[in-house]
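Letters are used for the chains, namely A, B, C and D, taken in the order the chains are written, and counting of residues starts over at 1 for each.
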Amino acid sequence: MTRQPEPVVTAEELEDYILREFSQAFKDGKVYHIEDLGPGFLTLRLDTNDTHLRPGGTVSGPTLFTLADLAAYYAIMAHIGLKGLSVTTSIHLDFMRKAAPGPLYATCTLLKLGKRLVVTSVAIRDKEDELIAQGSLTYSIPPRD
Amino acid sequence: MTRQPEPVVTAEELEDYILREFSQAFKDGKVYHIEDLGPGFLTLRLDTNDTHLRPGGTVSGPTLFTLADLAAYYAIMAHIGLKGLSVTTSIHLDFMRKAAPGPLYATCTLLKLGKRLVVTSVAIRDKEDELIAQGSLTYSIPPRD
Amino acid sequence: MTRQPEPVVTAEELEDYILREFSQAFKDGKVYHIEDLGPGFLTLRLDTNDTHLRPGGTVSGPTLFTLADLAAYYAIMAHIGLKGLSVTTSIHLDFMRKAAPGPLYATCTLLKLGKRLVVTSVAIRDKEDELIAQGSLTYSIPPRD
Amino acid sequence: MTRQPEPVVTAEELEDYILREFSQAFKDGKVYHIEDLGPGFLTLRLDTNDTHLRPGGTVSGPTLFTLADLAAYYAIMAHIGLKGLSVTTSIHLDFMRKAAPGPLYATCTLLKLGKRLVVTSVAIRDKEDELIAQGSLTYSIPPRD
């Protein structure tokens, strides 16, 4: 079986770096937290608030795309280092269930960590562990040393 | 060739309805405008501002997903009526080029307007008509009368 | 966590049904075999032969799409009964590695078994358990009793 | 607007090359024909026969994936030269309507012809010009001179 790559930074180092460099991601408060980090994966938690809901009180589509993208972005940085330069080249997401307000957990798994392209799988679950959305996201990354 | 469905509301009626019902979409100002509406398609313009940029000054991925989703949402409402209940079931987007600050134009074409599912194609272009992103989004819609 | 649906037929019943009804799928010999079947999943094995290779001796893209589609088709029938009427509405597959000749294993997991739509995830691995391709496939199914 | 790349070979040169190098693609007879070729696009015609149908007499999913993949493969070769080395890295297809037996026309448009990656859009239509399937396919290509 494929050996999973090891993270090269800790969750704390990554959170610090992102707070510093991506302050605009936190204009609505610090709503994203790294929940777990291990070989080849990272789980990002979103504490949803009213800005994340659509009429009817369920979590909006853009909130879920953004969470998936951010989880993948964090996961890639955790495994290639704090560079902040990867660019989304493709996103595919299927939505299985509406999400009620409350924490959401996006787990990103690195399927292929190539020299130029990273292919990831992301699953978003709610606090009952129900699957809300699942898909794949691909990123181009700067050449590594 | 497939005949395209006719819109059932005008661009003005749709803009009014959305301003009234989806005020949270406009928390950062009125940045979305219907640019064009015709049989089977709608073009939505986004006037990007600083909240839409990522480090490096290019338009962020979440801004582009959100624009594509909103263009499709508007296009469906324009063709099925002002109901506001369609739900994204799947999104696929490929990103071709980085987008600089400035207006972006998302044209959504209805590929299949079924009783329950609507399949759409969305292309996002910049003001030089360069293709920034393209993909397909699918929605489930409430039963129509 | 989401409870997985139970299969409603055995692997043997399903193999017999498919041999009988889909004889054209076996024009190149019986190359597909159910390897495993359980709550919410099915693994289909393909024993590749020369007709499945492209120049260079690796397994062709169409072979992999077909295997993914067939694994999902089998998995759905195993869980809704022997009806043979589900129709692919969407396929998304990312290809991670080239596959050498030899057996391939496609595991389909049912992500959502709705009344009308079934969303599945499929992963294709080789005999070393390396991930070759992964993606999601959606099917519309006939109304169930 | 984006200028479209010019083809570097003729349709005849491409047909000859493919017949010579990919004879296994024609084990069921010469069913694929280049219908049109121009700057940034190629249309491939498939004359379906019984091997392309599924129970019920409609064209099978694998036939449509294969046609889309082949149209993109031809289109890329027409624009980068006769190298035969591009590899599918991702496929996304939505299926809009069932296709009856008869000719199908797959038009592939090159959305981005990069140094390493080519992003394409493919639309499959029947002889009444009805849209059967549409999607995007991405390929990695060998470095060009």
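Basically, contacts are C-beta pairs under 8 Å (C-beta built on N, C-alpha and C of every residue); 3 or more make two chains touch, one makes a residue touch a chain.
The structure presented is a predicted model; accordingly, all values stated were derived computationally and were not measured.
A.B. asks: Quick check on subunit A against subunit B: do more than half of the interface residue numbers occur in both copies, making it same, or fewer, making it different?
C.D. replies: Copies use mostly the same positions to touch.
A.B. asks: Rounded to the nearest 5 degrees, what angle rotates subunit B onto subunit D on CA?
C.D. replies: Value: 180 degrees, nearest 5.
A.B. asks: Give, as an integer number of Å, the spacing between the C-alpha centres of subunit D and subunit B.
C.D. replies: Here the centre of subunit D sits 28 Å away from the centre of subunit B.
A.B. asks: Report, in whole Å, the distance between the mean C-alpha point of subunit B and the mean C-alpha point of subunit C.
C.D. replies: Distance between chain centres: 34 Å.
A.B. asks: Which integer distance in Å separates the CA centroid of subunit A from that of subunit B?
C.D. replies: Chain centres of subunit A and subunit B, defined by C-alpha means, are spaced 24 Å apart.
A.B. asks: So which stretches of subunit A touch two or more other chains?
C.D. replies: 89-90, 92, 94, 138
A.B. asks: By the document's touch definition, which label belongs to this structure's chain graph: line, ring, star, complete, or other?
C.D. replies: Complete.
A.B. asks: Inside the complex, what are the residues of subunit B that reach subunit A?
C.D. replies: 21-22, 24, 27, 50-51, 53-56, 61-62, 65-66, 69, 84-85, 87-95, 98
A.B. asks: Across the complex, what residues on subunit D touch subunit B?
C.D. replies: Those residues of subunit D that touch subunit B are 1-2, 92, 94, 96-97, 111-112, 119, 121, 128-131, 134-136, 138.
A.B. asks: Could you pull out which subunit B residues touch subunit C in their complex?
C.D. replies: Subunit B residues touching subunit C: 89-90, 92, 116-117, 138.
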